[in-house]
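Given below, in the form of structure tokens, are the structures.
Both of the next two complexes hold chain A, though its partner changes from chain B to chain C.
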Partner chain A sequence: MSSRKKNILKVIILGDSGVGKTSLMHRYVSDKFSQQYKATIGADFLTKEVTMDGDKVATMQVWDTAGQERFQSLGVAFYRGADCCVLVYDVTNAKSFENIKSWRDEFLVHANVSSPDTFPFVILGNKLDVEESKKVVSNRAAQDMAKSLGNVPLFLTSAKGSINVDTAFEEIARNALQQSQADADAFEDDFNDAINIQLDGEPSSCGC
Partner chain B sequence: MVQDLCEDYIDDRQRPQSKTGPHTAAPSLLPSPFSVGVTQPTTSVDFTSSFPAPPQPFLEDLRPSNSSVYMDMASERQSTITSHRDLERELMQSIRSLDLMPRSHAVSNEIPSIFETAHGSPVDPLPQEKQFFILSSAGKPIYSMHGQDELVMGLMGIIYTVTNYFKVSDNKVKSMVNSCGGRVQQKFVFLDKSPIILMAMSAREESVNDLLQQLDFLYSYLISTVSRRQLTRLFSNRDNFDLRHFLTATDFHNLNHICDSIAYGFNPDFLLGALRCLTLRKSTRQTLHNIMLSHVQHPEVAADRGTILYGIIVAPGGQLCSVLRPRGHTLHTTDLHLLFSLIFNQYQGLQDDQELWLPICFPKFNSSGFLHCYIRLLPHQITQGKTGEQHSNLPQNNTDASNKAALVLISAQRESFFAMKKIGQGIVTELLNKNLLETITAASRFGFTMADIPAKFVHHFIYKSKKHVQYVMPRLDMLNFYKSDFDLDSDDDNGSVFSISDRNGLASSGPDSLDPHLDLEKSKHKAYLYKLMRYYTHIRNNAVDEEGVPFNRSTLTFVQWSNDQAQPSEFPQGEAVDMLSLVWLTPTFELFLICNNGVSDRNAVLKSAKNIVDWCRRNEDRLFVKNGAIF
Partner chain C sequence: MSYAENIEQAVSVCKQQTVLMQRCLAQEKLMDALKHTSIMLTELRSPLLTPKQYYELYILIYDSLSILSTYFVDCHTKRHHLADLYELVQYAGNILPRLYLMITVGSAYLQCADSPREEIFKDMIEMCKGVQHPMRGLFLRYYLSQRTKEFFQADSPEAKKTNANFVITNFIEMNKLWVRLQHQGPLREREQRTRERKELKILIGVNLVRLSQIVESDFNMYKDEILPLVLEQVIQCRDVVSQEYLFDVICQVFPDEFHLGTLAELLSTSLKLNPAVPVNKIVLTLVERLNGFIDRQENPGIDEISQKLASLNIGEENSNLFFIFWKFLNQLSEERPDLQLQELAPVVQGILKLKLRWGPDNIRNVNTLLSFMTEKCKEHGKAIPDECDYLFHDLLLAPEFTNSMKFFYNVLTQCAAYQELLSLQNKKLQRHCVNEILDMLVNARWQITSKADLETILKICESLIEADSEKPASSLMLDEDDALGNENWTLSPDHEKLAKLTHLCFNKSVDVHIELLLSCRNWFQRSGRNIKYHSPAIISNFWILIRKCQWKLKREQADSEKYSNTIKQLFKHISRTIDNLYNSSGGGCLDLIYKLNLQTASLADQSQLGDIAYDFFSQAFTTFEESLSDSRTQFQAIVNMAQTLQKTRNLYMESYYETLITRCTLHGSKLLKKQDQCRAVYTCSHLWWATEISLLGEEEGITESFFREGKRVLECLQRSLRVADSVMDNVQSCELMIEILDRCCYYFIHGDETSTNVSVKYINGLVELIKTNIDSLKLERNSMLDDDRTLNNGGDKAYIGIDGCYIHLGATNSVATTFTKPPTSKSTNLESIPIEHFDRTLQYIQDQKEVDSRFKAIVL
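Then we have the complex of A and B:
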């Protein structure tokens, strides 16, 4: 009797301002890139149908949040009910890399996830296309960080050069799907919620 | 002014002069119970030929503007706390002061289309006119009335954001208005029932309260199928839960049906927050009550008090016939709407001898658990000369499955099916033996018409008794008077939430659908009902504020629409619009009245309104279920 609706995967993208969250999303969803920087206000919402492992189809609902501090008042509300959280840093910006951990903690504090230890994160190091001299975050440091946060998958990407974006999002989708199905079957439905009726009790308030 | 009714006098009187009404051409199964004071239909010119008006200019405005075509006379809101007479005097003054130039054209019994509909067709308007969304508190889509997932997903994010903005800023108001040039274009109303969020969008004349009521009904539907306790449990500790996987295809079908009927059907039930009641003779209704009562109080059953909670007999179109209830307990209107919606949409395919045992959560009764409903459709009973024969003489065109009444017995005990079955069988047998199903069938088809009431100039009205939370209205005939066969097939419930939806194909799968002419008539009728509904919505919202509260404890408001005769080109048929309507809200009743096009005599209309109120009060015993059968 199930309605055979596609799975919906809520994916939230976090990271410092200007690391390329919106660009990554646009590259992934519409395969486009714009040189111009435009700060995201509040959040952007994009949708993409994904096919994983050949046959599993789902609809990915990407919530691209604003990195700027001043848009954060609503920000935490967006975390609720995410199936996967993507943490983005800029390989040319050491501060954005250091902040990955605090973004993750912030997410766990506000998202109210059932099991924080197993909640899927994916880390993306963006702007891989820039010349080597400008890169300040070493691959080694990134791998260490990913490992220390619980073997979080790490991808080095470039939204501009379209490097690794699809691969990264496929991993994100797979993780999200796993998370969304983790306890979907843990519920048995029956109509056992009996109501105790006391007919001689006080009159009910409803008019009819 | 309420006179005691001489029951026998009216009952025994034969109908002396009602042969003029078109419906009487059909074989009469039941004489109309209202045969005193019959007036001729208030028609002088029939504009039927000009009826279906394609796209019409938008002639109304929510607030009076400098537009010359809309004259809002709603300013004459008067308080009548003191007495009737004061009200009259004040009204007389306002009427005199606002007397308009009499119009020269003839009075029409047809009402013009004055409300803008997207692309002219009420059956298929642009989604921009009306939308419903349901999403989880995590922003995951659950349901949307229009649009594919991919399209609405982003909108869900925005709805989510707005809802959270309201939450963060602790805003009491949960609605937004998109206006352009001082005119309201769309209203957006949000209902946060964490873990789900609902939003309605409307470009019509509905108030915030109207939309909230509609959202509450959608929410109540979800609760009726899932229960609040289960819903909370499903989302507890996993905000990412996808409720769409828990709901069934039937649930989505029902949501579609509810949304469609709210948006395009004729549903005063939501607007008024009341149930429609089937007009029956007082003695007939009492017999129904007694039959239910006697079977419930049968010694074998009565021993197990608490087995049965409620019993209901309901006629097609969700018209209440009889209610059985424990002393001091009643069911909420919304709960009954939900129940009727299920019966008359989903379960009309039941055979006469089939029974249904169905768990339903009644959200207003108790949202945390399920009650169990024994549902059985009551067979059509067309007897020839009281012989008790069934079915054989049912006309072909009359086998519309949506026209079956139903018996519902409600219990809190899951195991009590056989006890309910026994009571149910006893009730059905007795109803058949006493030929009461025939009476119910006939009453639900014929009801009463404007010709039964001495109220001239009135096209249609709705009278709600606030005490009973029920309303009545004259029968809505299909316009095809020339085909007398179909007069039987009164499509009162067309487009109502209590009828089979077109989407499931049942309604159009009969032999009728082979007749393109009838299809045309049906769609015309649907368009007419839709038009009427918008009139009622508009005039009601002229007398109440956005929260649905009347401006005064008692309010009498005239609303008038007229087009400028200097610019007749605005209407394709050159039809002059001069529509007068009246809303009369008091602590005891609500009257909504729409006049024939061309009527401008307010004194006469006010007199008609009073006649209607008098008539409804006089006939209260027939029009409404008063106490029901109490055990």
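Then we have the complex of A and C:
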């Protein structure tokens, strides 16, 4: 029982409506991109096998979420147990950039993570492919923001042009793995006590 | 088996059982692992959980079952065969844990190459029917959907079709469960159930997401196989919550291009929904979505969009969006005659929005829509309910209209229905809208150049023009008040805006411009006494035109006759406008009428039209004589008249000028108060002593035609001196004399003493007289000098102004305050006012001796 085998890495993608969360996920998981716009409702995930540092294999569960709150009627219980949170903004949409911080706060409030200060976030500035004139969020502003949120890694990506998506997700996977191991260790210590007490009190009560 | 009492316990049980399950799996005790899983799954039978809590638990359990699933796959054929396991889990005691386990095993089996796919799919979805409890059933089927989704990636049309059918079957069953939830349990918990249903909606919607993933970009499959089935289910369920939500989701999860191709189907479905479903919401969702399509295009030009539409292969009948929506609107109003205006108005607005986004320039379609709405309002018969106010406000001032002033102007002037629709609204809303419209026009400085446009806009403004035009039910007393000129000049923002509208009228052609102004005048005539707010604006525009004609007269010699006729015509219009003002205002704004006459007279004089100037001056006198009754106003009027007359130059024929100035002076000498008489008369003395107006090229010493009659000047001064002397109050009397002395100095400087008749002798005599009076004043003051308070009154100073008012200047803050009556406080030393004034005048004469040797003859 020295190491619990938890090889599922749970990654949550958050950001305003229309910044390209679904496209990023699809680009990463299945290397596809569709020009057609579909709004996401609720939350759902895709999985992808990842290999890190040559030998560590894990299943990455990438959760795509609805940017519009009205499509999140059952709440955000799926935040729990996340190993990494990806915050996405659209480089052509200043509002989506300003909202990054509130998405982060929203995540921390509901995810119930053990240590909010060290929980890994990654920021993605998507739609890098659009023409320069339409970009309104400067790289400098993005870097400042990433720094102010605790040196969060920042990637400028394009799901459409397949720019930087894989690199970004490698970083995300690494962070998630680290977090998952740290959590697993803490969980082990924590839980061993609890389980003993419970077992003493209720010895195999079921008879189905 | 039992379940925990609350969510915290349930979560803790699940975590516990998960660890136990993992340990058993590590020790390869599969049966024990399944047992722990069953205990965990039993928690999902709890009837105590709210949808959100149930979801929380579900997420936790999903993760645990994923661990189990991975084990199943990893150890398939090594330690067990999944086909056997599928059989084995059927023996679980309770149906809910049994089905979760079954789906977990089944989906694991599907991952293996040798699995009987179709059988497993079929079996799983059949078995799910065993759970008919709505919430449990929904989550179970959601689980089925989540576990199976990864097997839906197929390329062959056949496989796609099978997959789609599987999802649709699941969707239909889920929707039934969802609807049933509404009808279970006691009636009093109905609201709570509706709330819970709305929370659960995601679970049903996910099926449509799944379908969207399966169909990818295969439009024909969507149109022929998916949409009809889904829409049928939507119609059949007859449930308000469900229909509203599902329509929204269909709009959201399928791509815009699909909607463009199936608009007619979507819209006609919306007509078959439960009448309680807000049809406007559905239309607006669709409109938002379609307009979003344009926003998302890289080149959202009209041509690019129509090209794009053509390339979509959506069929001819679907390519004219407006037509489809228009047809729908007519159908809607036919099939649902019960539809309230509240619901209809947003639909119309939605279509309008769409229309303007997709082909903004077609005013005719806008008019069609607005007339439709107008008809509906008329059919409504009764007054339109107040709740609708904001709807019609939004419709009439939709940002789609007002974003571009040019377009909005076209709507205002070319859509007959706009005005009609507006006129059907209640007065309050009409006025509010008109105010906003006028603000926009004024802020944009939009020029109105055509008479037809102006008439339309004025018609739109009708409600504002006619507002408050009725005279208040007045008693005789009130009328008398008006006659006395006590009219209330309160601020009237509405009418002020109408006045501003006058300034927007413009046309290069003076004749057309005049027509525009006359249109304004005719319309404003309807506002009764309120024309006092707009008449000055109209008149000042006539003035501008007169100046413009004068300028043209000089430049275009050929048309000089035409322009001089126009100028005369313009003066007639002004006269008529002033008459209207007089008649409509009921004698309420005589001072204004007096001033307008004077100003026009002055302009006529400058236009070398002596006859006309004389007429306007006469009008001013008539107003003065008949109606100006307040003594202060009278004095001001005389001063004003004298100022204007003194600058006239074209009244010398037929001794107009002399008639007028004599009359003016005569009126001055008949004023009620002696101070006023005195000041009016010495002011009128200037009428006999014209001075240079350099703008006209006149120059003192060179121009010879100045109107000057020194004898009369002196007569005036003497007369005012007599009046000053007869004033009983010594301070006033003395002050007036000093003022006359000041005038004498003026004439002494501006003319030779032989011609002005204001001689050194006369001035010396006057100075002597004043000295005597001042001495007696000083005596009066001395009697009070012992009083310390008066001596050190803090340095406050008082003066008497040129119109007889008292000006009090604070020593510390230099703030001047004006009073019409002498200050009553003892601290103000009235006697020192003329004393100090006299000192200043003497000082002035003394100083003049340095520059003008004639002054040396004056003895101080």
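Here is the rule we use: the second predicted complex is superposed on the first by the 177 of 208 C-alpha atoms of A that agree within 3 Å, B and C clash if a C-alpha of one lies under 4 Å from a C-alpha of the other, contacts with A are read in each partner's own complex, and residues count from 1 in each chain.
Quick note on the criterion: a residue touches a chain if its C-beta (ideal position, glycine included) is under 8 Å from a C-beta of that chain, and two chains touch if they have at least 3 such contacts.
Computed from a predicted model, the values in this text were never measured in an experiment.
Novice: After lining up the shared chain so the two structures overlap, which partner does A:Gly42 touch, if you call chain B first and chain C second: first, second, both or neither?
Specialist: So A:Gly42 meets both chain B and chain C here.
Novice: For A:Ser180 in the superposed arrangement: first (chain B), second (chain C), both or neither?
Specialist: first
Novice: Once chain A of both complexes is superposed, is A:Val109 in touch with chain B (first), chain C (second), both, or neither?
Specialist: Neither partner.
Novice: Which partner does A:Trp63 reach: the first (chain B), the second (chain C), both, or neither?
Specialist: Touch status of A:Trp63: first partner only.
Novice: Just checking: does A:Gly81 make contact with chain B only, chain C only, both, or neither of them? Give me first, second, both or neither.
Specialist: Both partners, chain B and chain C.
Novice: In the superposed arrangement, does chain B or chain C reach more residues of chain A?
Specialist: Ranking chain B and chain C by residues of chain A touched puts B first.
Novice: Does any part of chain A touch chain B in one structure and chain C in the other, and if so which residues?
Specialist: Shared contact residues on chain A (touching chain B in one complex, chain C in the other): 1, 4-5, 8, 42, 47, 73-74, 77-78, 80-81, 191, 194-195, 206, 208.
Novice: Chain A touches which residues of chain C in the complex?
Specialist: 1, 15-16, 19-20, 22-23, 26, 35, 38-39, 51-52, 55-56, 58-60, 63, 66-67, 92-94, 97, 146, 149-150, 198-203, 205-206, 209, 212, 216-217, 249, 252-257, 292-293, 296
Novice: Show which residues of chain A lie in contact with chain C when the two form their complex.
Specialist: 1, 4-5, 8, 34, 36-42, 44, 47, 71-75, 77-78, 80-81, 191, 194-195, 198, 206, 208
Novice: Could you please specify the touching residues of chain B with respect to chain A in the complex?
Specialist: 136-141, 149-150, 153-154, 156-158, 160-161, 164-165, 167-168, 227, 229-230, 233-234, 237-242, 244-252, 275, 305-306, 309, 323, 325-326, 328-333, 335-336, 359, 361, 364-366, 368-371, 412-414, 469
Novice: So in the complex, the part of chain A that touches chain B is made up of which residues?
Specialist: 1-8, 10, 42-43, 45-47, 49, 59, 61, 63, 73-74, 77-78, 80-83, 111-114, 179-180, 183-184, 187, 189, 191-197, 199, 202-204, 206-208
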